[in-house]
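Lettered A, B, C and D in written order, each chain numbered from 1.
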């Protein structure tokens, strides 16, 4: 049953050291504000799940919060590599990072299976792919009707999932639209789901088949305008591409990274996000 | 690649004796006009798939077109039993009818798996259920990660699926909204998909996440206003409950059934559906 | 209507409505369960979430739906999803607190048959089948059943396990790997029944006002057991009766006054 | 720009655009494939269906997207579906006629590596990984690859099979139970390559105007084979160049003239 609360409280009540956690968003609606709040609260030993662990996971890994990352594409979208993740994988800085790597198809199926309450996802995949040889969680099942061998991987069942969405109504029902990505599945697959939203409205006024997460499927809803920045919220503000470019420089150097995090995350608050998107609003 | 054509041509080009065919619609948007055209063309030995084989399958079975039905709920929605189906199962009239019976969950998963190009559907189901003992197509797989035993059934892959939808644009892209049921999955799971629509428009003007079947995923699109009657088309006309009630009487007697089919189906055309919904339009 | 001022059907519906909680997420069977759930929503559980297997989530119909796919269910819903999503994410995903089922035939362990009378392969009567019930019964956190008592309906052993209740009783569910509670409540026109904590046999815990043990037994196909202290179900209040009757009147009037017949109102309430 | 009046990058993009058909349903990788597909759409294939893995189906962006999740992809799409649906129904379901991929490292059998340089568990360089590529490569009816030639990019053996092309060549795909065609075309800044019908080794079938065999070999890490009759790729027409340059100019201008930076235009085109 969703409770409205501050992002600070929602993070501290729902995230713990050692949790398996997903901050999901497929390019669109990335929960930057929630990730920054988690960074400020300084969690450790997290297992981070995400299809596209872009800037926010680069930040969390660089801050030494992650012991493991489960992912399918570790890049800065449109820019290139994730330099903090690379530094952890290649050099163990600031700590060694365990990786469990999948394809997008596998991860999408793993979230879908998690949302469906199943222990595994079954799909046609990984044929000839090198990941099947280096990831012991890629197994197979044999179809009892055709004999076809299909890929099987564990479903994603995070302890907690954080997503960002466009709006909630006053009961805490949440609507997502546009590039809906994997948000619904990631939220439903988790034991606890925390959603930051652009606004709280009286009535969602939604299309009959819109993507809606009912309030009883969520743990907490937090009003954080701009909370996806520098990602975007369809209908609210556009993507801040300059920030993504800038990140490539910041993350290239450990000291520059540390200083930037101090100034822009540790010394900042969730409320700062609203001002960051002011010039980007549509 | 969808071709616009008359329903008569679409049926004759896409349906053959002995085909596995689905006429789908979950209470809403049932493709009555397409089923009646198939009846007029007199196909034989069909395997009929449908979650809720209501009036149209009662009619097709009563006309001796079906050798087998694969289903999960054989009732006249809101009224009771299907008397022609019963007569076939209990008395072999007009011919013996083979049945493969599932639960809704199983059938929904089987269409989903068919749309996903998989040979089987895997789900948590049939525990303690009698169907697992009488339907040899209900098997199981064991999760290689948890050891949990899950139900496995073959996916639904019809030779051809017929559905009814609200509208198509001039390229043949089709939109469905409201109770979307299983239509999308049934269409995508089939080798050939034929859609009857209420209207053809210049632009679908759809919500970004609306249910749309692209023209290249369809075989034929046919303009048949009223084509769901006595079912309904959300936004166009309401359900003709009197006809469903009436069916209970018609189907109760073999002669009455035969006479009704002659008058209302064999001697009728697809164009008659438009007039049948005139007083039901919203 | 009896001299009590209400019918046994009204008593059944109102007794069933009272057990629904404001925070329940209920997978609603059509007919009697649907009436009970909507009365609960109109009286004491305004925020109850009603889900119908056609995909409508959080629906608030003004009149009772006839089928699980009535247009009004979608029009008043929070959202409407596809049928595969309904069964995969919402039912199998574990979000349903109560699966509320009707039954053609039920036995003392809450097993339900809506499939066949007679042999499955050579049936005497072919019934509609299970629809969503097999997995509603196993995936909902608990299951409520409501039906009128009759010797045909309440039988010693169901002829087919359309949906599994407590099987042969005891820990039969757990032995099959089913970790949900199964049937925890049976509400009839005469009484309220709950499973014995150990044997899981349905046991009368409350009888509706004016009902005798003889009446309960005459309409039940197994030897009825009673809880140590059998309560008397509180009679319907004026408010409860008013709400239920208004709902039924709206349901009836919604179509009789117009040529455009609103869905779900012309036909008697029955199966899906 | 060379004395030919166009750059080798323009030649590559235009050569790649020409192979796209009006009825193709193309799963589009970001960067060079995206540019080629959109040029095709603007020139000779107005009805081509472009699909990006973020879920946008039938998108018609006015400027080139930067990432697979740009807002304009959704705004101009026929519809936008969830990511699980994209991979289950549309890719795995078999609807994709062409999967169009870029590559960091490709070998002569069309195997692609975007995962690691060096040992997987102790990598010298950790690259982003495969994203959608492993199943795009196996589930699309055929695969086109486009990339600039370089000794780092075109290698004798990829260090990691991010996505499987023809493996070790011959019938290796069939032996693994993959029934799609795999890589059928490689378009570089210098040449057009197609797999040998038997060995499946990429073979030069056409060289772009002015390109020498020495240039092709110098930028390719394996001994280049040539078809019996190597054609010369027709030079870009004025119309093709005009459309491509307009698209790139629009893409550039879309953000430089405004403080509100439209998505997908500020950054260099790269990976996802």
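Just so we're on the same page, a residue touches a chain if its C-beta (ideal position, glycine included) is under 8 Å from a C-beta of that chain, and two chains touch if they have at least 3 such contacts.
Small disclaimer: the values here were computed from a predicted structure and weren't measured.
Separation of chain C from chain D in touch steps, taking the shortest path, is 2. Note: centroid distance chain A to chain D, computed from Cα atoms, is 28 Å. Between chain B and chain D, the centres computed from C-alpha atoms are 40 Å apart.
Listed for chain B are residues 112, 116-118, 123-124, 148, 178, 180, 184-185, 208-211, 234, each touching two or more other chains. In chain D, the positions touching at least two other chains are 74, 80-81, 88, 92, 139. Taken as a contact graph, with one node per protein chain and an edge wherever two chains touch, the assembly fits none of the named shapes, being neither a line, a ring, a star nor a complete graph.
Two chains count as a pair here when they touch; such pairs are A-B, A-C, A-D, B-C, B-D. On the chain C side of its complex with chain A, the touching residues are 23, 25, 47, 49, 57-58, 74-75, 77-81, 88-89, 92-95, 139. Put simply, chain A touches chain C in their complex at residues 1, 112, 115-118, 171, 173, 184-185, 188, 204, 206, 208-212, 214, 216-217. Residue ranges on chain B touching chain C, taken from their complex, read 26-28, 51-52, 71-75, 77-82, 85-86, 89-90, 101, 103-105, 108-109, 111-112, 123-131, 134, 148-149, 178-182, 184-185, 211, 232, 234, 238-242, 244-245, 279-280, 282.
Across the interface of their complex, chain A is touched by residues 116-120, 122-124, 137, 139-146, 148, 150, 152, 154, 177-178, 180, 207-211, 234 of chain B. Considering their complex, residues 30, 53-56, 66-71, 73-74, 80-84, 86-88, 91-92, 115, 120-121, 123-135, 138-139, 160-164, 167, 172-173, 176-178, 255, 259-272 of chain D touch chain A.
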